[in-house]
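Chain nomenclature is as follows: A, B, C, D and E, assigned in order of appearance, with residue numbering initiated at 1 for each chain independently.
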Amino acid sequence: MKEKIISEMLDFSPVSEKERDAEQIIRPSVRYWPEVWKRLFRNKLAVLCIVIIGLILLCAIIMPILSPYEFDEVSLFESGLKPSAAHFFGTDASGRDLWTRVWIGARASLLIGFLGALTPFIIGTMIGAIAGWYGGRIDMIIMRVCDIMLCIPSMIYMILILMVMGGSVSSLVVAMAISGWMGSARGFRGRVLQFKNKEFTLAAKTQGASAPRIIFRHILPNILGNIAVGLSGAVPGAIFMEAGMAYIGLGVTPPNISLGQLSTDGITYFMSPTKFHLFLYPSLVISIMIFAFFMFGNALRDALDPRLRDEEYNAKRMRKIKRGQKREARKLGKAAV
Amino acid sequence: GTTADKTSNAGNSTAADAGNNTADSENATPTTTESATTDTTVTETPVEQETLDTFRFVATEPNTLNMIESTSNLDTYVFYLTSAMLYRSIDGVVTPEVCDTLTVSDDRMTYTYTIKEATYSDGTKITADDFVYYLVKKYLTSENCTYFVGGEDTYNNSLETCEGIYSVDESTFVITMTSPIVTFNGQLEIYPLQKAFVEAKGEALGGTPADLLYSGPYLLTDWVVGSSMTFVKNDSYINADTLFPTQNLTLVVSSDASTTYSMYQNGEVDAIINVNKDLYELIDQADCTYYSADSLWGIEYNTTGFTYTDGDGFVSRGDEVSALMKNLNFRKALSYAINRSAVAAVVDPTSTVADRYVSTSVKGTGDAAYVDEYTLENTAPLEGDAEAAVGYLNAALAELGYSDVSQLPELSFLTFDSASQSMYVETVVSLWKSVLGLENVTINLQPIQSAIMSMVYMNYDIYLQQLSMNPDDMLEQLGFWKTTGGVSDVAGFQASGVPSFMASMHADEAYDTLVTDAYTEFDDAARFSMVQQAEQLLYDSYTFFPAMAGGGYYATKSYVEGYYSTYGENGYGFANLVVYAH
Amino acid sequence: MAESGATKQEILLDVQNVKKYFNLGHGKRLHAVDDISFQIRRGETLGLVGESGCGKTTVGRTLVQLYEADGGKIIFQGKDIVPMTRLQRKKEQLTKKMQMIFQDPYASLNPYFTVGEIIGEGLEIHKIGADKKERLEMVYELLDRVGLHKEHANRFPHEFSGGQRQRVGIARSLALNPDFIVCDEATSALDVSVQAQVINMLIDLREKMNLTYLVVAHDLSVVRYISDRVAVMYLGQLVEIGAVDEVYDHPMHPYTIGLLEAVPVADPDYEKDRKITMMKGEIFSPVNPRPGCRFATRCPYAAEECSSMTPLLQSVGGDHFVACHHPVR
Amino acid sequence: MEQKKERLIDVKDLEVSFMTANGEVKAVRGIDFQLDKGETLAIVGESGCGKSVTIQTIMRLNLEPPAVIKGGSITYTNSEKNIKVDITKLNNKQMQAYRGKEFSMIFQDAMTSLNPTSKVGRQIVEAIRKHTALSYMEAKKNAIELLGKVGLPNPEAVFSRYPHTMSGGQRQRVMIALALSCNPSILFADEPTTALDVTIQSQILDLMNTIKKERDMGIIFITHNLGVVARMADRVAVMYAGQIIESGMLREIFYQPKHPYTWGLLGSVPELKKSENKRLLSIPGTPPDLFAPPKGCGFAARCPYCMKACLDYMPGEYSITDSHFARCWLLDEECSTRITPPVGRAVNTGDSDDGVFKTKRKEN
Amino acid sequence: MIKYVAKRLLISLATVWAIATICFFLIRLLPGNPFIVANPLDITNAEKMMEYYGLNDPVWMQYVRFMNSLLHLDFGYSLAHAGRSVNEVIAQYFPVTAQLAIQAMLFGIPTGTLLGILSAYKRGGSVDIFAQLMTILTTAIPAYVLAAILQLVLSVKLGWFPASGWETQKYTILPTLCLSLGMISGHCRGMRTLMLEVGQQDYLKTAKAKGLSEVRIIFFHQIRNALLPMVTNLGLEIAGLLMGSFVIEKIFSVPGLGKYFVNSINELDYTMAMGLVVFQAVVVVAANFVVDILYVLIDPRVKLD
């Protein structure tokens, strides 16, 4: 730019409009979600979490099939074995192979995690959408019901449903749905309200779009990010909830097993010199699982926020500059010596 | 303190006689020799050694301190501490406490008590009326009322008085029975209960320490439910200076094994009443003492072919299931398939395998236990017998016309949702699967109330039953299987509308006669042989298959002496308890 | 523009005593639009000016049925649309005939839709065009009409500049081939140079597609430039309405005068010599208003009857109406 | 020109960039301007051309990072207080003494610029006490006085009101009071009236003019509205794509604009007073992406008079008068293209040639 | 203001009534008979008790009775534990729960908030990383495992605190710590997000333009505004805490209401469960009520309506 401009270089002939397109967009087209994925996959921790979740999923699916043991197969004379080549995680008091049980349990926990997060969310979303969109009396009634149900301890729903339906994955999911829809209903209602009077919603209305179309085609994509983050937080929440219920004695009923159940059963061996593995492995797997989901949620939130990326970039840049300065200083110091 | 026992023992020869006749055999718990050794250690200990005035122990807290409403054994341990009794059993030795004399008529139907001067902690006198009041309130239940003269009338009309239980004067009262009963020796756990106090408290009775009147060795000063109970020595207690030397007791509640362990390890507590299987391997074995098995686990098969539904009353369970469960060979197949000793060891290392319906701590005619003196025949091997089991199964299949186990109808195995119960059931179901190839058994875990409800209404095919065994009364548990109250026939059941506990599985007139007659048979050998016959009948029917005796351990620190566990899983007792400085 | 011609033309929209109240709860009602009447002839552009919050947007939105009117009649092409049910309106295809251009070019385009999807949405909803491909062709044509390229159809709104976005908004409103368009501050969020682009485009389109506009704006010069007639609103009521030049050159209502005086003019010499009278005083609350002229609190000429009697629109000659007890001559 | 006033701000070749993960946004690309005491400089230009960044750089309000001052200097002089500093060299701590005291700022949206949970009076007192040693009561007295001065009725009551209870105009007055609280020598106003109604805008502009005269401050005024410029400014700088493409006295810019962008800008304003409607001049297209600014003239792609040279080389500054310069190749003496500007009017500035003015290239 | 408070109060009362009603019917739906205990010899006794307590009456009659007792604020006596009055239980054990909750809050909320502020202030710094790590650990490890670890380390190995029980102040430390860990991470995360959100606001730029120091901006402008939304969540949080954490109470043998509550439902102790539910409802509603009022008082933007 600072080069000297000499007259010979200048060509004062006019340029036609075609040659200089004023309306063109130079930057390549960016789609939101691909961009988010790209950002997500650039985050090493997120990738690690995805790998962990994938591994756990894979293990839960195939490990029980590959294992030579049935998860509920009692072997009275192999009681409480320590981990070995035959039993990777050892055996429990009845001689059942813990490795198989952990992965069978992980199946249940993952199922509870996903369904238990998704079901209340879907129900809540529907109800919240109705409340937010129609407003007025309907909204008031729904919100009041929400308030009231929020004040009732979820333990009551849980115990009630588990007692009536028996402890199984499906009853846990139902219980979670009944005790958990209020949160997402409130959240979604707020979002619908926020977007209801946005100009693009009104524009869609003037185009003749129906309420469901506006809610699900226009509003939903706008909050998909929040939803994704919320859901990725709700999955470990549901897994945890199941573990908590198991601790109270309301988990899935035997012979079925969940990680939460295994881990709460194992807690009694926390200080046991011989059966520590019964505590260690289930708790470890459940912790890793929750850790992975949780971190994934965090990473997703970061990926959804493009500001963060700039910030990280700048932080990195500043660090580099500082390092450079230090190096310079060192060099100068050496030179001085 | 031991001399005091001896004197009070000697001073009441009548009572001791009456007691010893029966109690020698029935009143068990640790043997006399054991208690003798304890005594010697105490006397040998140098007196100079400093003692502490507080004993802290982990135990389960009672449900209520309301003596009348209480239904749980857990409650009685507190009553032992807070109430005086007519007779007190210290480490297995029964000695009179408030009782001065007990005269038993020759026909063993009239019991006359005179009582000593004793007071409640508030200074009021303990009178004969207080004992009468307690007996009427507590003992005249639908089960027991028939034993007392006029008892039925009192029970049915909810009266306050009973013809057969009355006081003569302030220090004398009389019990008259309708027939002599071998298990009643006049030394029951009878406490004084002051009517005025009970009525003043109303519903609040026994809710908090203030809602209780104390006459026993300790006052309950503080009860933080779910956390702790604090006892302080009661100075107005009749034997205040002799029997219970330790000043304070603290019962610590802990429902978490590792917490309990931490506390014990830290020295926060001096003893643990029930070292359950989770704690067993953690705690120094030297500290642990075994106490005999007093709960019986067994597998109950529903052979009635009926079930109760709310709308229709008792209806048939469905031909297939009912025919299957009625098939003796099938039940035998199921029973033989179980390696009971291994399962017991796996489910609870502190337990023992059981093959009888009577507690092993019941003594026989000689020094040996009853169960060793009077054995049963043709019992299933404790290790199970896979071959025999398969044989029985095939026989059953042939009888019922099935060609393969997989064709059998779905059976449900009911129990309540405690960890051990469910583990037992899981293990057994898995064994059935591997030994018999039986895959159609589903586990039905329910909260305890619903489980019992389902059991009572016969909504099960197989049920894992846990019964507590009264070592003082071997007939009590045998009575469970008597066909009482016309409930053996379902028609009667339907007519009464009220289902009766455990009436379902066993209906055998010969058995009923044996058990009923044993109650009035005062000759030990004859009674034991009747009991043995009854047991054999019950066993052979394979309606209730004994499996495991939930015994246990208690742990005490080495510096504690005179503490022992009584029968029952969570009981506690003290014999001149001393805690040495450590 | 062609005022004289317009008078003879059919009345496209006849607004009679329309009211729109907002319930604020607790018995409070905000009279956002209170008894407004005007007519728009086919091919004509009516400008609606007034201060922020005076109810301009509410009028526009009520006309395109984003709000339900609380009273009065809106006669569109001879039919009163106020009492119609949703189904009837659907049958009348009112959404096709009446469209709206929104103020904020950023908020009015759904960021998750491509420009093609945004423009084509109405076509899709009303099932215009045989298939996707045909609709896409229509979208290309619309893009072309607003000076954008075919390639832009696959882009997302955030990739466009404000002016381009607003043109997308215009293309969307044109997609259904409407008769009547409400332009709600269509240019106020834009840069001056871009604003001119959009204004020019609106004018061209009006000519080409025989459109009728209601132009809502608070920029008086824009309104003057684009409209045939202008209506001045103050707190939910019309205070003056008439042909543009008439109203701008000979304003009669004190509020209109004040408004016109306050507008800064891009001419330093003019500004230097300009004398400005400031409007002072409290602004009247449109919540549960009392009768009387709503401008009375700020009016330099307010007399007694002004605060008790609501002035009605009265002709002050020809097409020029003023609602004032003491119009300034 | 009248008598030479004291120079407050001298910006030289200022370059500011934002470092983003997608690349560097060259928001300000080498600008020069000055501000004298008692003078109002208006900066106009398309949205995103760097107006706000420029003045926020002078106050060092941009977050650094992502903002980086890539080059140039900003010299602030105040002879009364004996200050002469290069602001770009100050750190945040040092800068705190200048903000509020020497420079203050009014933002566009007074609603979001005032702390919603703090009483407006407190917010003013806070500023006063930061820069003076006054006690709370004295500061409060000052604040109330100021609130009265900016035309808020009943200033005592206003003092303890919260921002949300006030109207937009009132809030903007509070902002002005806040900006004046420490008697700064320069006031930056970033579109202070854009969010307001014309009637309110008129009042605020009037107020600012009065205050300027009273205090003899320098004002830098950013706006889109050429009407407002005409009413407020002494000098005008027209910015485009991070550069000042034309700058001059008010009348020079309005009546003798030299840059095609300025022509477009002026030509696109619909006029309130004229009845005859001539078609508005508009500028087609969109401004360049500052991620990758063109190597030539930023305006070239949209310029109807675009020449080859415009696409290849950035035009230098061409001085038309002492105070007036523009960056356009059309002004080059070697350029033969002669264009009659579509806007402006001949005024007595010594330039007889209808705006078609040719001059020598400056070497830069 | 008075009108607002009165109206809130009325709504609160209605809410309590609605909760009590719903819970009454929900709890009655539970199958089983509360008087059957582990080893009953006589089911007729249980039946007799049902009769005695009127539990065989039509449900509406029981409901009327219940409502009547509710009006008299007398919840009666426990069915499962004779002699235990529900009111007394609440009076005795709620303070324990409250003490634990308050201690946990007093420790957890400021700590969490401070951590959140610090980690937002120096995003990516060491405090931030530590806070994030802690958040992750406390959320990923089940509470009962965490409690057991704390017990092992701080009690058995180091002997600093008693492992369990509720006697002197020393006993409260471990459960408090356990309970507050989750709170710390929750508040840390919430505060961090809010701080960053507020950090984007224009008025901080104004504050900076006034020449205020960074510390003052953060403390007087940023934190203050970030704290406000945190208050709204406080209602449910306090309420949740005040009902006690079953897990913590069980592990540390803390005699709190949480354990009581779970046990009462498990034992089908209708009167106890109902009493505790209604009490909880009152606590929740009251907490929300207080927070609502508080919010009006501290956030000038909230309009009374």
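Here is the rule we use: a residue touches a chain if its C-beta (ideal position, glycine included) is under 8 Å from a C-beta of that chain, and two chains touch if they have at least 3 such contacts.
In this text, all values refer to a predicted model and were calculated from it rather than measured experimentally.
If you take chain A and chain D together, the chains in touch with both are C, E. With respect to chain D, maximal separation of chain centres occurs for B (centres as means of Cα atoms). Across the assembly, the mean Cα position most removed from that of chain A is the one of B. Among the pairs C-D and A-B, the greater number of C-beta contacts is found at C-D. Distance between chain centres (mean CA atoms), chain B to chain D: 94 Å. Centre-to-centre spacing of chain A and chain B amounts to 52 Å, using the average Cα coordinate of each chain. Computed from the mean C-alpha positions, the centre of chain A lies at a distance of 25 Å from the centre of chain E.
Taking each chain's centre as the mean of its C-alpha atoms, chain B lies 40 Å from chain E. Touching of two or more other chains is recorded for residues 258, 262, 447, 450 of chain B. For chain E, the set of residues that touch two or more other chains comprises 31-32, 148, 152, 156, 250, 266. Contact of a single residue of chain C with at least two other chains is seen at positions 147, 160, 164.
On chain C, the positions that touch chain A within their shared complex are 61, 64, 66, 90, 95-96, 98-100, 102-104, 107-113, 121-122, 125-126, 147-149, 152, 154-156, 159-160, 164, 169, 172-173, 175-176. On chain B, the positions that touch chain E within their shared complex are 63-66, 68-72, 141-143, 201, 203-208, 211, 224-228, 252-256, 258-260, 262-263, 265-266, 268, 447-450, 452-453, 456, 466-468, 498-501.
Listed in rising order, the residues of chain D touching chain C in the complex are 46-47, 167-168, 196-199, 201-203, 205-206, 224-231, 250-251, 254-255, 264-273, 275, 277, 279-284, 286-287.
Chain contact summary for the complex, chain C toward chain D: residues 1, 51-52, 147, 160-164, 191-197, 199-200, 218, 220-222, 224-226, 245, 248-249, 258-271, 276, 278-279, 283. Residues 72-74, 76-77, 79, 93-96, 163, 166-167, 249, 253-255, 265, 267-275 of chain A are the ones that touch chain B when the two sit in their complex.
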